[in-house]
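Right after this note come the structures.
In the two complexes below, subunit A is the common chain; its partner is subunit B in one and subunit C in the other.
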Partner chain A sequence: MSYADQTRSAYGNVIDRIPESIRVYLPIVPVMVLVGVFILYPIAQAVYSSFFSKSLLSPDEGEFVGLANYQEIWTNPDLHQVLWNTFVWVSVGSIAAIGFGFVLGWLLYEKFPYTSVASAIVLIPWVLPRVVGASIWQFMFGGDQGIINELLVQLGIVDDYIVMLGSGELSLWPPIIGMIWRLAPLFALLTLTSLQGIDEHLYEAARMDGATPWERFRYITLPMMRYNLAIGFLLMLIYNIRNFSMVWVMTEGGPGVSSSTLPVMIYRTAFVDFNVGLASALSVLLFVVLLVFSYYYIKVYDKLQGEF
Partner chain B sequence: MTHLELDGVTKVFGDPEKDGVVAVDDLHIDVPDGDFLVLLGPSGCGKTTTLRMIGGLEEPTAGEVQFDGTVVNDVKARNRDVAMVFQDFALYPHMTVRENLGFGLKRENNDMTDGEIEDRVTEVAEMLEIEELLNNKPGQLSGGQQQRVALGRAIIREPRLFLFDEPLANLDAQLRKTMRTEIDELQSDVGITSAYVTHNQEEAMTIADKIAILNHGQLQQLGTPDAVFNEPANLFVAQFVGSPNMNLFDGTVGERGDAYRVEMDAASFDIPKRLVDTEFATTDVLVGFRPQDIFQGRGKKRGASGPSFDAEVRVIEPVGTEAVVHGDSNFGDITAKIGGFHGLTAGDELSLAIAPEHVYLFDARTEALLKGRLIAERADTQPPADGVEV
Partner chain C sequence: MATTTDPDTGPSTDADANAGDPTAEFRKNQSWLFDTTAGTYLRKIVVGFVSTVSLLYLLFPLYWMVVTALKSTQEIQQIPPTVFPENPSLEGFRLVIESSLETGGYAGVVENVFGVTISSAINVDVIGIILNSLKVSIGAGVIAVVLGTIASYVLSRREFRGKNALMSVLLASLMFPGTAIMVPEWELINTLDLYDTHLSLILIYGAMTSPFVVWLMKGFFDEFPDSIIEASRIDQCSSVETFWYVIVPMARNSLIASFIFAFLLAWNELVFALTLLDNQNYTVPPGLLTFVQGFNTQWNVVAAASIIVSLPVLLGLAYIQRYFVQGLTGGAIKG
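Now for the complex of A and B:
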């Protein structure tokens, strides 16, 4: 008796009666249910809520307002400030994290004797609980006892302690610096592993072919790393745009909205201002941006898999 | 076109004063212009390190590497104008075959235009019959095709020297033989001085003008394939070269008239003095003979006076028209190569003999060669051809 026959007899002919075209999907039903309940439903709910004017205090009473919440994003100068902050945050944060991370990864590869130990140490900012890391930076940037103020005074850059976290002009930057500190190690590790993945013989072959150190970097190292770097870049974008803890712990997005990014603003709108409709509309916006990033992430990842 | 010379080249990894590892020890090798040198030896004998020092990938701890009499120790690898073929080919995986071939030409400070480079790439690709593959990436090629691209990348620049680091080790047996012949032909055609590393003695014998045999970083012998086979400098060379391995037995030697009397546990025989060049400073010797030199039949009947003995066949390994026979004799284990279609089975009794010309003698203490396998002209009587006359 074949395995198929055994199965058939065990389940009787109930399953047999289901048409083949439907039967093949049965095994993935449990996963689809989970995805539906925990992912698809909340997304749909957020999109739905974004068309209503709704308060968190009375979530059952909502008034359908059409695209009014999206119009609010379009016209409210505070929200413009938040979008601009998010853009600055994501671009500066990602590029700097990549720059520092790449150099750090390179140093780990070339200069450090105990690479595994050194990279474990380098990874500390990444593995530290996020709130702990953010709190450390909050202390360091603090206005009256912060070590960074002390440093600036010692170096003669400023005459006296200055307010950073509480200043509308400066408050965006300390969290960005904290975020670079958190993300650079991840990119460093990515750089290190992709450098280690390059066959040493390729460099030797290039040396025999007459390539200078710069040419070896330009024509061997960089092209061999290009998909890894692209994935790292997209990861940085995604981590940066999703970040909440670093800003919230350090400045709570203030003063005003001077250091708010999208996720912080969503939280404030929903849980401080209780404006669920607008928060949902902002969430949908963030969702679309992330969807674009993710699409490219998966595309590059597929290329990486198919490359060698 | 380069005359390559290694003058006392030494490489120590780690601290030479403390526990450094001597990979290459005071190597002197002279390779005339256009010659094909093979560096042969077991794993860890320093042959690859030597090659890498010639190429500039390693710096000698002491000694000089000279191209045409100019010391190049301080010349960087990229400026030595040397091409190397690696064991794993080391093709640039992200470049097409065309880009792989052209990479070296583009790096050189020559005045070639892109068009000229393209022409040269096509020319070399045609020579190696890979013109169909020019737009493919290495990952899409078979092992043999990758090997050709690797060769192409080396010859396209018309370098002063070719270096080969076990270039055939990653290929299957069939392809290895074809590529071996091709490399040999290619090198003869372009006439570029070459150094080739292998641990495969058969490969070395077929391809080399000269073989340098290394062990523990020291040069054991530098000679033609004939010389290392027939007149191995010492026991190591004798055992490393030739397949199956040489049979070896303890013995003593003494003089008896115009002959040397060799006494072994189970036999004794005379070697006429005219067959021996060396003065014997010892009486303890190792007696060796190659499986190919053992023939069936009674030596004395054939006018030769070499050792003869009986053996019982234990294992037969047929190799086409020949067979390698492992047997038990009154000397101990013996390996013989029997030619022709033999019809032997395990348990058969064989009468075997060796001509005295073909007997090797080594000093038992120093393991230096006392008497080699003399080639036919020097012997009075024509010894039988390799293998057996039944």
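Now for the complex of A and C:
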């Protein structure tokens, strides 16, 4: 027995007497309990509640209704509208945020001086409190004094100020524009970081071999960035489909359900209409989608870890 | 056949510049867009246009918030709106502070000390919601950093059964919080009898951010040299002592970054704060929302309040920017 072992056993405390195979789990227990109780358990609870008809005002008096809540999703035209809105929101919002974010990231890498200061400024829309960002856009799109109406008039696109946030046809779009503004900086930073990670010598070599700029982009930049871009793409999808604040602050999902997305509808169903059962069924729908996204996120993540 | 044609009289200016360079011919970009003067101009115009539009889209809303906060109440109502404030005033900020002093119950004190009578039509206690948010954010930050760091140390340095599954569960749990679980979370908090308490938010935000911290700190511990731990073991430190006296001090920067991440999430989170609290206990996001919805004719006041509550975020950003990408993607992307 070495000297160190002797002294350690002399000081040996209760923790050190627990068998190694169990002791190794102890430090992880608190985090897992916290995450288990406040994040994983509620998911199970939502699945359970989705089979009941219950009111938020008396949540203990639920009545088992089987799949009736899911049937409601299947038949209710308002909810169809919401699902379609969510699809438009996620596809348009993600693609635009990626395109705009990529351009911004490239500008940061290639054209702007003081990259770290510039990228901090670019990040501001992403880190501002959600409600602050959304209320700026609400003000800018507002009907009476909105600067965007003035801009459209000056550009000759419309003749007179129009109602945007309160109009059934237009109200879906202003929150999407606000959301692109919030998410693009995030994608820009991911782009910048992965561009910085590419070895300059690769470009040099390709230039020597006579590769055109397009070929250099297509055969060096894109392949080198593919997992980073995939992670960024999945993050955009996840943040877009989860978003609540941008819509709620700007339009509250209205008028009617014209600008409601799934999260806003869950909130309205549960906390305005008090229908916990239906809201839970909608939540389960949202989980399933998020679960698919997360599955791919983790898969891409593992690939990326393998490269380093 | 003794012709003396100069090989360098092509139209490309690029080739002239590289006349002495034997690889010049290979370095040409081989496309009209890059090798002709017209192409170069076109490229510059397109890049300039795209940059300008992108920057306007990105920065104009921020400029507009600042400018709106500096306008007087009359100027706010002008149509068309003024792009540059004609009479900059701090009226918005003054109204925010007055209303929060009055709502917070300090109007009498101010009148006695400064001899100024406050009567405000706006009754949102901005200072009060900031104090509530500070309490919640610091609480959540401490919980996340302490629990997350302890767990990440073991996850980084030991191998055991189920480790990869655990890490995946933690990563996936980052994706769900917020809107997807607001209804069951409300039920849970009511069952635990924690409705309308800040403790409920501290625990939930702690749970939401500790997986973040686990991933961020695991990245740090993965790179931590074994020799330092060996040395402390030879000096007869127990594993707990090694962790506390040797590793934690060296991890200071990463720990501060983790704390700021957790703090910012708690500072910005709307959904749980809106559904799990009553008005008088509101934190910044739902408090600001009532402000926006209640006073959206007084946009200078709203903008001033927005700037005040955004300040901690901007200070935090300055510090964590370096860690930002790692934190966001759990360390997946390194520059």
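Operating definition for what follows: the second predicted complex is superposed on the first by the 274 of 308 C-alpha atoms of A that agree within 3 Å, B and C clash if a C-alpha of one lies under 4 Å from a C-alpha of the other, contacts with A are read in each partner's own complex, and residues count from 1 in each chain.
Just so it is clear, a contact is a pair of C-beta atoms (placed from the backbone, for glycine too) under 8 Å apart; a residue touches a chain by one contact, two chains touch by 3 or more.
All values derive from a computational prediction rather than experimental measurement.
**Q** Of the partners subunit B and subunit C, which touch A:Leu290 in the superposed model: first, second, both, neither?
**A** After superposing on A, A:Leu290 lies in contact with subunit C but is clear of subunit B.
**Q** In the overlay, answer first, second, both or neither for which of subunit B and subunit C A:Leu40 touches.
**A** Once the two structures are laid over each other on A, A:Leu40 reaches subunit C alone.
**Q** Return first, second, both or neither, reflecting whether A:Leu202 touches subunit B, subunit C, both chains, or no partner chain.
**A** A:Leu202 sits against subunit B, while subunit C stays out of touch.
**Q** In the overlay, work out which of subunit B or subunit C sits against more residues of subunit A.
**A** Comparing touch counts on subunit A for subunit B and subunit C gives C.
**Q** Using the superposition on chain A described above, determine whether A:Val82 touches subunit B (first), subunit C (second), both, or neither.
**A** Neither: A:Val82 stays clear of subunit B and subunit C.
**Q** Which partner chains sit in contact with A:Leu237 here, subunit B, subunit C, both or neither? Use first/second/both/neither.
**A** In the superposition, A:Leu237 touches no partner, neither subunit B nor subunit C.
**Q** Under the stated touch criterion, which partner chain does A:Gly210 make contact with: subunit B (first), subunit C (second), both, or neither?
**A** It touches subunit B and subunit C both.
**Q** Based on the superposed arrangement, let me know which partner A:Leu165 touches: subunit B (first), subunit C (second), both, or neither?
**A** So A:Leu165 meets neither subunit B nor subunit C here.
**Q** So, does A:Pro223 touch the first partner subunit B, the second partner subunit C, both, or neither?
**A** After superposition on chain A, A:Pro223 lies in contact with subunit B alone.
**Q** Do any residues of subunit A touch both subunit B and subunit C, and if so, which are they?
**A** In the superposed arrangement, which is not itself an observed complex, subunit A uses residues 207-210, 212, 308 for both subunit B and subunit C.
**Q** Quick one: which bits of subunit A touch subunit C in the complex? Just the residue numbers, please.
**A** That would be residues 4, 7-8, 11, 13, 15-16, 21, 24-25, 27-28, 30-32, 34-35, 37-43, 45-46, 49, 56, 59, 100, 103-104, 107, 111, 116, 119-125, 127-133, 135-140, 142, 144-147, 150, 153, 181, 184-186, 189-190, 193-194, 196-197, 207-210, 212-214, 228, 231, 235, 238, 242-245, 248-249, 262-263, 266-267, 270-271, 276, 279-280, 283, 286-287, 290-291, 293-294, 297-298, 301, 304-305, 308 of subunit A.
**Q** Which residues of subunit C touch subunit A in their complex?
**A** 23, 26-27, 29-31, 33-34, 47, 50-51, 54, 57-59, 61-62, 64-65, 68, 76-81, 83, 143, 147-148, 150-151, 153-155, 158, 160, 166, 168-173, 175-188, 190, 203-204, 206-208, 210-211, 214, 233-234, 236, 238, 240, 264, 267-271, 275, 284-286, 288-289, 292, 296, 299, 302-303, 306, 309-310, 313-314, 316-318, 321, 324-325, 328-330, 332-335
**Q** Tell me, which parts of subunit A touch subunit B in their complex?
**A** Subunit A residues touching subunit B: 199, 201-202, 204-212, 215, 219-220, 223-224, 307-308.
**Q** Given the complex with subunit A, which residues does subunit B contribute to the contact?
**A** Per the stated touch rule, the residues are 55-57, 76-79, 81-84, 86, 88, 90-95, 103-104, 107-108, 139, 153, 157, 163.
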